[in-house]
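Each in structure tokens, the structures are laid out below.
After this come two complexes, each holding chain A, first together with chain B and then together with chain C.
Presenting the complex of A and B:
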């Protein structure tokens, strides 16, 4: 009985100590809370608020409630922008993942001048996207660009690259692949370097060939790293804006108008900030949905 | 007998020399306009990246020495500049005291929101305006272009930009072809000038949506219609004349222009023309400077300049675009800002712009300065085309608030025609799409 009383007194003292601790140190949270409220929560609440108005910069503000969202879901131009974004993202994720994985496996092997080769391979990643876009724009010029000259040297017909509605998105993906495959390679290379050697030795003793070792040892162990690369690449591809805007401005016509370009035009070319805010909210929901899906996949990969 | 200068005389002369600047400055201040009235103040100016903006930036020290006002001058690429100033104006506290305005894009929007101060009272204030300013020297057309519908002049007109034909004299001479005077003649000439084996094309022009509308409007200005909205401010972009202009646009861009023109903005057109790959290019007169730059252009010295051709209608106009400088209503430095405007658009600076090919000045006096024009590196044909264009210039875009959206919607339709779409169908669809946007905008105005 006495010991029970002593225990409850100790528990009460502990609770009191924790309460005092929290009271004394709560102020330390304030700076972080202020920053979070100022740069994340307030802009979000304000964006939601603005999205409920028909509001042009310099013009009248009219309350429309969910009107902008209704308009958005019936706007075929927005629908096409979503479709193009998904198409672009699909290509701009899958191709760098394949090439990045292949490059990582190649650079994981020991060969002369490997360090130099790795350095050269990651150089594109270091370049500023806008500078990269400007250089590619010059190279894509149908008459004066170096790419068509190269094609002519090997007997291939010239291409219109970004100057054709049919080839513009694959061509933009080409720039994205060139620019960001090194990042995927680095992430997966880091994973490869951390893999244990024991399973490979055991597999060798059991007579497994190189493909079997890759398929049954490397890939399962590497999967968490691949998923991390996949998440980063997906988010990067979804938010791609600078290269597309600099190279095509969403053209020819609207052939490369992704959600970001559509949003930019609404906000900063048409100054339709109410409608643009509704686009932001919907786009945020799409990104959150995809990120949640990828994180869920990551958890499943970890569990297995 | 000659006497040497005594030490006393030398000291007296030295003292006089040392005192001279102060005496001259004082004399100037007393006898002439007080340019130093705002000495020590600081202003911020934002201009577009262009030869004009760069000239003003380079001359900033001259302004600072003249007035004693410190001036921060920011040069931003054209499209980003238009967006930046609108966002800043809308915030209510713009960071600048003077801003360049594209009159063909921002005029009505800025005027409707009354973001800029009326320049007229400043001009009339003799304490603030130098006697040399001479407002009457500004061309009446440009003054009208910078004046809002309610009569306020909320920007001082600075430059005009006329659409003209640039042509490659060498290619024309090789085929013995005369400079075209109608759009049909121009199309036929373009067909004859093409040499696909050398990747030389008869024509190059803007195909990129938004940018391309000004080429289409150049054709439209040669019809009986010549406007894009009617007297009731209703859209008239699907009329027979508008469709004729669309057909002409389609013919030029699809048949006689380089493959890939669908994505060409002015910079791709300029590169193609500069490399001698196109015989003709219809665009703004401001591109003469890079085309005549021997370090960058293969056609320098071979460029011909001509008035835009006539169309089938009664009208003959060239598309006019322009820029002005305004002072935000929210600025607390209106006086120093007005001083900057007076310096930037002085007769001397406007003449510099004309003779260096940096732009067409809003003032008239530079055109009558025969001596300066004769000394310019540009051929006389350039100045003649410029003067002739000034006489037939007419706004190349409608004066409406959502003009960028207009260019986007109509521009997309025009781009689609290059891919083969039917012109009438595309223009009717685009007109139907943009009509409610314009109606809403007009209701709010």
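Presenting the complex of A and C:
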């Protein structure tokens, strides 16, 4: 009895000690918190404030309340930018997911020179986007580009690539696929590495073939990792900027003007920082909405 | 028969691996090829693949013009400062968040990663103008913290959470302060995590384009901005352009080759990527 009380007292002292420590640990976070507030939280709040003004850089500044948002929802140029972004994102999510899954399954097997092959495969995602965009721009050249020569070798007609409004978005998606499939591969490969081996042994004993093992063991166990990769890929595809900007600057005309490019032009080419801030807010809402939707899917995948 | 089937399936597998890897390899090799050929060979059709004879003239031209060395120095200063500062504040923060199990702080870091980098630029641009800092490297370093701090904090949270708590607790029982427990027990154990965070933060800061693109003046361009300007404004030919592009991305590619294990570990842990 007495020892019980002593024990519980000791336990209480222990929790108290921990709580005290927890308060001390807060000091570790203070410098980072200051920086995060200055460069992340402050911009978020200030953007909301600026979005309520008709604010022209170096010019007029006038309170318009929700005026910018009203203008935005009736601006057909913005509407097209949203549509293009969704089209681009759809392609730039589905294709890397397919290739990334295939690559992850390939790299999960053991084969000679696997380490080297994997390193080469992830090089595109680490490379400087501007440098990558430059090389692709040269390869897309309609007369002298190496890609049209490749097409001619397999008997296909030459393409105008990024120089035609019809082909510009699929072409930019091609660069995005090349650039970011490795990240999908890595995320799924990490999932594959963490799968337990016992179910496969049991399935083998029960006489399952390779396809059945994949369909009924790998796929369900891998699903959560695939969904995480899907969420990350969707967010990154929505945010794509560097390669699009360097290769086309939104052109030809406005044929590749996504939300991010529209935002950039409004803010730093036309200096409409008030209007551009409203774009930021709406863009952020779109990203959060899609991320939440995918997260919800993830919960459902987990539940089944 | 079975042996033949096996050989065939191995061959098919080999071909598919080759198909997966070759786009990555070929683009970089083409970049190298363009940078080692003269203008005549670069614009030949059908294309000439192997430079014969290879020439370093393009590299010479890059170094001779465009203040390339100045911009390289700017890139070095910005990436090292942004990475160093992020480590100084991010490693303790990751430790604190892991110890306090402050999931809300972790979620905030995640949202920062989700937000497009461009969206930080308008308010920070106005702020720097008001502070009269535009035209120096300071605004560029500060905005790069938007990328490096979340990467470092995120990687370090997962690393510190994975460390066993017993060693630090033993140190605390022996009378060490929590700062000492962090500095002399937890931090040495987390060195692999710090390496991962350093490499990733450096690479994504080095690669960043849009922050410097908006904030840099004539003298404060970083390499990605300088190379983009060569394409859009200066209309220089393919050879020097490829040489410059290769020089910009070479440090990152070499780092990837040397530290691919750490990079893979870091990226699979959190799926971190620059804003």
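In this text, the second predicted complex is superposed on the first by the 269 of 304 C-alpha atoms of A that agree within 3 Å, B and C clash if a C-alpha of one lies under 4 Å from a C-alpha of the other, contacts with A are read in each partner's own complex, and residues count from 1 in each chain.
One rule holds for everything that comes next: a contact is a pair of C-beta atoms (placed from the backbone, for glycine too) under 8 Å apart; a residue touches a chain by one contact, two chains touch by 3 or more.
For clarity, every value in this text was computed on a predicted model and none was experimentally measured.
Visitor: Could you say whether A:143 touches chain B, chain C, both of them, or neither, answering first, second, both or neither?
Guide: After superposing on A, A:143 lies in contact with both chain B and chain C.
Visitor: Can A:269 be said to touch chain B (first), chain C (second), both, or neither?
Guide: first
Visitor: Answer with first, second, both or neither: which of chain B and chain C does A:32 touch in the superposed model?
Guide: second
Visitor: Contact-wise, after the overlay, does A:127 reach chain B, chain C, both or neither (first, second, both, neither)?
Guide: second
Visitor: Using the touch criterion from the header, give the chain among chain B and chain C with more contacted residues in chain A.
Guide: C
Visitor: Once the structures are superposed on A, label A:293 by its partner contacts, choosing first (chain B), second (chain C), both or neither.
Guide: Touch partners of A:293: none, neither chain B nor chain C.
Visitor: Touching A:160 in the superposition: chain B (first), chain C (second), both, neither?
Guide: In the superposed model, A:160 contacts chain B only, not chain C.
Visitor: Report for A:251: first if it touches chain B alone, second if chain C alone, otherwise both or neither.
Guide: first
Visitor: Shared contact residues on chain A for chain B and chain C?
Guide: 143-144, 249, 268
Visitor: Touching chain C in the complex: which residues of chain A?
Guide: Contacts found on chain A: 21-22, 24-29, 31-33, 35-36, 39-40, 42-44, 46-47, 50, 99, 102-103, 106, 109, 111, 115, 117-124, 126-132, 134-139, 143-144, 146, 149, 178, 182-183, 186-187, 189-190, 228-229, 232, 235-236, 238-239, 241-242, 245-246, 249, 260, 263-264, 267-268, 273, 276-277, 280, 283-284, 287-288, 291.
Visitor: Residue numbers of chain A touching chain B in their complex, please.
Guide: Residues of chain A touching chain B: 56-60, 141-144, 158, 160-165, 168, 248-254, 265, 268-271.
Visitor: Per the contact definition, I'd like the list of chain C residues that touch chain A in the complex.
Guide: That would be residues 13-14, 16-17, 20-21, 23-25, 27-28, 30-31, 34, 43, 45-47, 85, 88-90, 92-93, 95-97, 99-100, 102, 105, 108-109, 112, 114-127, 142-143, 145-146, 149, 153, 172, 178, 182, 203, 206-207, 209-210, 214, 223-225, 227-228, 231-232, 238, 241-242, 245-246, 248-249, 252-253, 255-257, 260, 263-264, 267-269, 271, 273, 275 of chain C.
Visitor: Under the touch definition given earlier, write down the residues of chain B that touch chain A in their complex.
Guide: Going through chain B, the ones touching chain A are 83, 86-87, 89-90, 109-110, 112-113, 115, 199, 207-210, 258-265, 268, 271-272, 275, 277, 401-402, 404-405, 408, 412, 415-416, 418-419, 441, 444.
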